[in-house]
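Look for subunit A in each of the two complexes below; its partner is subunit B in the first and subunit C in the second.
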Partner chain A sequence: MSAVAAKPTAGGAVNPAAMAVGVVMLIIILGLTYTISPGMGVMALIGIVIGGVMIGFGTHFVPVGGAPAAMGQAPGIATGVAMLAAGAGLAGLFGGAWAAELGIVVAVVTGGIGGGLMMAITCMMVNFVYVFGMGIPAASGKVLHDPITGDSQAEYKSQGTEGHGLPFVSFVGGVIGGILAGAGGTLIYIELLGLYEATFPTLMSATPAQVLPVAVSVAGMFAVALFLVNAVLTAYNITGTIEGPHDPKFKRWPRAIVASAVASALCGFVAILIVAI
Partner chain B sequence: MSVKIEVIAGGVPHDKIMIAGLVSTLVCIYLTYLNAFTNTEVFSFFGGLAVVAALIWGSHTIKVLCSYGIGTGVPSAGMIAFGSGVIAMLLATKFGMLAPIVAVVLAAVIGLILGYVSNNILNMKIPAMVQALTEMAVVGALTVMGFAAMITGGFTFTGLTTSTASFLGFPITSYANSFLGGGLIAVAFLLGAIAIQHPFNACLGPGWKQDRMLMLTAECGFLSMIVAAVMSFALISAGSALISLLVAIIGWAYTYSQFFEMSKRDAAAWLDSKPIPDTEGQ
Partner chain C sequence: MEHIVFGIGITALTGALATVAGSAEDTESNIGSQGDPNSQVQLAPQMGFLHRIFNKAVAGEPPAYGLWCALGAGLAWAFMAMQVNAILAIVLGCILAVFVQGVYATTAYLGRTASLAKFGQPVYVDIIKSMTTVTMAHAFIAIFCTVALCQLINGALGHPFPLPLLALIWGVALGAAGSATGNPYYGKERQYQNQKFGAGVPISASGNIVRYAEAGERNSIDNGFFTHKIGGSASGVCFGLIVFLELWRTILFERIYAGWGAIAVGVLMILIFTVIDRYIEVWARKNYGPYTVAKEADA
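Right, the complex of A and B next:
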């Protein structure tokens, strides 16, 4: 399916009944977790849900352009949400994982910086390619003036396009999104790693040092999986492309918060079940 | 709200592919259990065949879903399939011999809820969404489980987290040298995720032909199987790994030549240009 033909299909409307069902599902999953593992499991699940919501909300900031951006017909980074999430968010997750033993605050901040740095580099190189390689200026198609710098956009926008390049507000949005997503992914990893490090030795009857590789690998795999699920659900919410925080589609974020919370709680519940049964 | 942009009729109906894919994947995964009965590892290659069967089913599911304008690109479908699938697969390995069945049920539940979330909470309103996300979660779980069975010779949690190594003649249990402890699952995850999304991404368009896309899927599956077979040298005996590698290479060579034939068949015009004639020295 070409992204050009598949422009917005889903609307921005909120479905209140489904939102209520989502919140109820979230509460049920929290209750189930409390019955199988009160204390440690519930704390881990709350951390996972917060991390998942940060990933889902953060992805809204990232300027995803898709195929039209690659042809210079729409602003944003010229690839899909799944690729950007895997590139920028996982960079943050890996960065945070290195700092895992320095405590949760340091690790989450490191993850955020890792994700933000990766997005900053990506956005800068994307603009280099746009400006010096394709010879197009950066112009937003959704707003007349850049909300941060106040620069006029309309004069630079080519006719027949929705804008092109990466305006300053999109750049800032990308960095904010990278920080949120990287920190969220790291939070999920840290919570699961703490849970597994505490429970795997008795589960597998081995010393903590022996099970550490397994705990790291399983926690990392779950973090990556949760990351991709949340990022793709957000991609569905914005129907593939968004310009950044100034885009009208950004206002759809409440739906993504509920969706990410439900999805993260569900996947986190399964992750906790591994050590609880 | 959503408009189905390309409707391509013809070929085997999706339900048939789904049932055939599910049954043959489960049968192939359970055939690796012959390892436990016969106390060998030579049947590990059935795990790779399970991967190919699951991928063929999965790539057709992606075709069904992505024929609607979801607007997020085909790769995202592969990513969510494996993201939700690997979670179900890891829990299912705790259930011993029942693991593949539990993986199917658990992945279906996760996929169903994710389908509801995207269709109703996120308001996608795509008719095929719930069923497709359910199927893809199952495909993701079974594919990773197939890779696990192929690389380690089994699909239980203990088998995936431990391996026996010999140190100065004494057998010791190693946790780092295993499918999970060694991080091989991350490679298996992406091998499957790329193989599932590539075929439809490469073949979509007005000239889409079902048999060509499915042959490309089988080719991608066997290509992933070659890599997995190479990795399996670390965890199973060299002879068994060699069997897996041979099966993978033969399967890949056959499917690749078939895909090449089908591409020539569907091309508008095929000109077999000869290399530039070597005129020097005349």
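Right, the complex of A and C next:
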């Protein structure tokens, strides 16, 4: 069965018991962090969880069509959910890390704009190739009218396909997803960098200037890793392809929020452990 | 002022390197058939269509390029720590990374194709001999350009991340931009060249890829030649724009209002690309028109 034929069950069917277990796990991890590093560690972990949730939520906005999109059989960008979100978010993290010295607010916003800009360029070029390279107009397979522009979609779908290209709502979704993912990744980096800058000098018996490259590298690696964890986790929630915020699969986001929070907390706990023990 | 002029020069150079990297990456992935359209290359023998297309999609382009670029940069970094000249170190690091890519391509082709043995798909030794080196050559260009631009960002522009981490980030972004932009052109326009132009491939046609060329059977080098003209160029422009504009807005405007200047320019550029995208969408709707009349479609 192709990914196109595998119709989503659409629903944001939420399993309350699983959600409750997730929330309990989150509280336990926060409690454990409090016991080993009550002040700075807990604050860093809360920042990491917020950043992870932003990545997980943002990934739902990214219009990904996977293999069917590569044949013009389904709308979206012709690559994997996790990888596209990671590409955009990491581009944002690059900009955010550069602006780290300007303060957390400027850095996080810069990271978000970096991710959004990457997605804006990519989505524009995708439509460019569809329209001028392949002669195919954009059409959504999930809605009759574009929720933003009101353009009718059904008659622009070619025969035997689910739609193709990126309708305007998908473009906007991609940019929003890039912004959230880039900002979330940068927030994780900034939180970890602050923690490592404060703790590494004592741990390594060195001056702050000497430990800075190590702190930047370790925080950067953990930020990239947390990025991939949350993006891949969300890809499982989406199961294959999604058109953007208008897609019925978008309603599944509450599950991903809880899962991302727990996974980020666990990974963040490990990142804090290396300096707290 | 001198600092800004220097920064703009480096930014232009990184943009040019990124454009070449994006173009080479897409062509390499199309010759090796590593992107999402490879689902059809894998599916074709199962539908009874045996072919001579390379098949190495055991990883997506973004993680694969993240690995190869990080590997090339890590080795280059190690060579530089041994006091080797930076350019030579990058070349040596990238050569070693490309050998890993070659091993990956060979084992991936053998593994993926051997798994189709029950459908009668042969493993062609001449394909390994002739195609692998071509993908390696293109991969070298893509990896070298990416590592070189990361070295410029790190060494000349002063980004805090170490070279291997930068290469991992931009390697993943390279794969994401290249696969997003280039895949539809390879998947629809090349593999399904027998389908109507200006329409998506009907789902019922899945697996029936074009297997014959003007003379003899089609091979993957033909695919790279064909897709490079639009898919490869568009991927290059896409990655080049991403790298160039990201650096340009930071170098020129970061000092204005303590970082908010670069943010404002970033927002403005996102709005400009939104307007361009909307123009392209409306242009296509006006010039190509609907496939069916609206009434039928709604019904």
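Note that in this section the second predicted complex is superposed on the first by the 265 of 277 C-alpha atoms of A that agree within 3 Å, B and C clash if a C-alpha of one lies under 4 Å from a C-alpha of the other, contacts with A are read in each partner's own complex, and residues count from 1 in each chain.
Assume a contact is a pair of C-beta atoms (placed from the backbone, for glycine too) under 8 Å apart; a residue touches a chain by one contact, two chains touch by 3 or more.
None of the values given here were measured: they were computed from a predicted structure.
Chemist: Sharing subunit A, do subunit B and subunit C clash or fit in the superposition?
Modeler: clash
Chemist: Report for A:110: first if it touches subunit B alone, second if subunit C alone, otherwise both or neither.
Modeler: A:110 contacts subunit C only, not subunit B.
Chemist: After superposition on the shared chain, which partner residues are touched by A:213: those of subunit B (first), subunit C (second), both, or neither?
Modeler: After superposition on chain A, A:213 lies in contact with both partners, subunit B and subunit C.
Chemist: Does subunit B (first) or subunit C (second) touch A:66, or do both, or does neither?
Modeler: After superposing on A, A:66 lies in contact with both subunit B and subunit C.
Chemist: Using the touch criterion from the header, give the chain among subunit B and subunit C with more contacted residues in subunit A.
Modeler: Of subunit B and subunit C, the partner in contact with more residues of subunit A is C.
Chemist: Now for A:124: first (subunit B), second (subunit C), both, or neither, which partner does it touch?
Modeler: After superposition on chain A, A:124 lies in contact with subunit C alone.
Chemist: Considering only touches as defined above, state whether A:80 meets subunit B (first), subunit C (second), both or neither.
Modeler: both
Chemist: Just checking: does A:224 make contact with subunit B only, subunit C only, both, or neither of them? Give me first, second, both or neither.
Modeler: both
Chemist: Taking the superposition as given, does A:55 touch the first partner, subunit B, the second, subunit C, both, or neither?
Modeler: neither
Chemist: Across the two complexes, find the residues of subunit A that touch subunit B and also touch subunit C.
Modeler: Of subunit A, residues 5, 66-67, 80, 83, 86, 213, 217, 220-221, 224 contact subunit B in one complex and subunit C in the other.
Chemist: State the interface residues of subunit A toward subunit B in the complex, per the touch definition above.
Modeler: 1, 3, 5-11, 13-15, 17-19, 21-22, 25, 66-67, 80-83, 86, 204, 206, 210-211, 213-214, 217-218, 220-222, 224-229, 231-233, 235-237, 239-241, 255-256, 258-259, 262-263, 266-267, 270-271, 273-274, 277
Chemist: Enumerate the contact residues on subunit C facing subunit A in the complex.
Modeler: Result: residues 35-37, 39-40, 60-63, 159-162, 165-166, 168-170, 172-173, 175-177, 179-189, 191-192, 197-206, 230-231, 234-235, 237-238, 241-242, 245-246, 249-250, 254, 258-260, 262-263, 266-267, 269-270, 273-274, 276-278, 280-281, 283-285, 288, 290-294, 296-298 of subunit C touch subunit A.
Chemist: Would you tell me which residues of subunit A are touching subunit C in their complex?
Modeler: My answer: residues 2, 4-5, 66-73, 77-80, 83-84, 86-88, 90-91, 93-95, 97-100, 102-103, 106-107, 109-110, 113-114, 116-118, 120-138, 144, 149, 151-152, 154-168, 171-172, 175, 213, 216-217, 220-221, 224.
Chemist: In their shared complex, at which residues does subunit B touch subunit A?
Modeler: 1-3, 5-6, 66-77, 79-80, 82-84, 86-88, 90-91, 94, 106, 110, 113-114, 116-118, 120-126, 158, 161-162, 173, 175-176, 178, 180-183, 185-186, 189, 204
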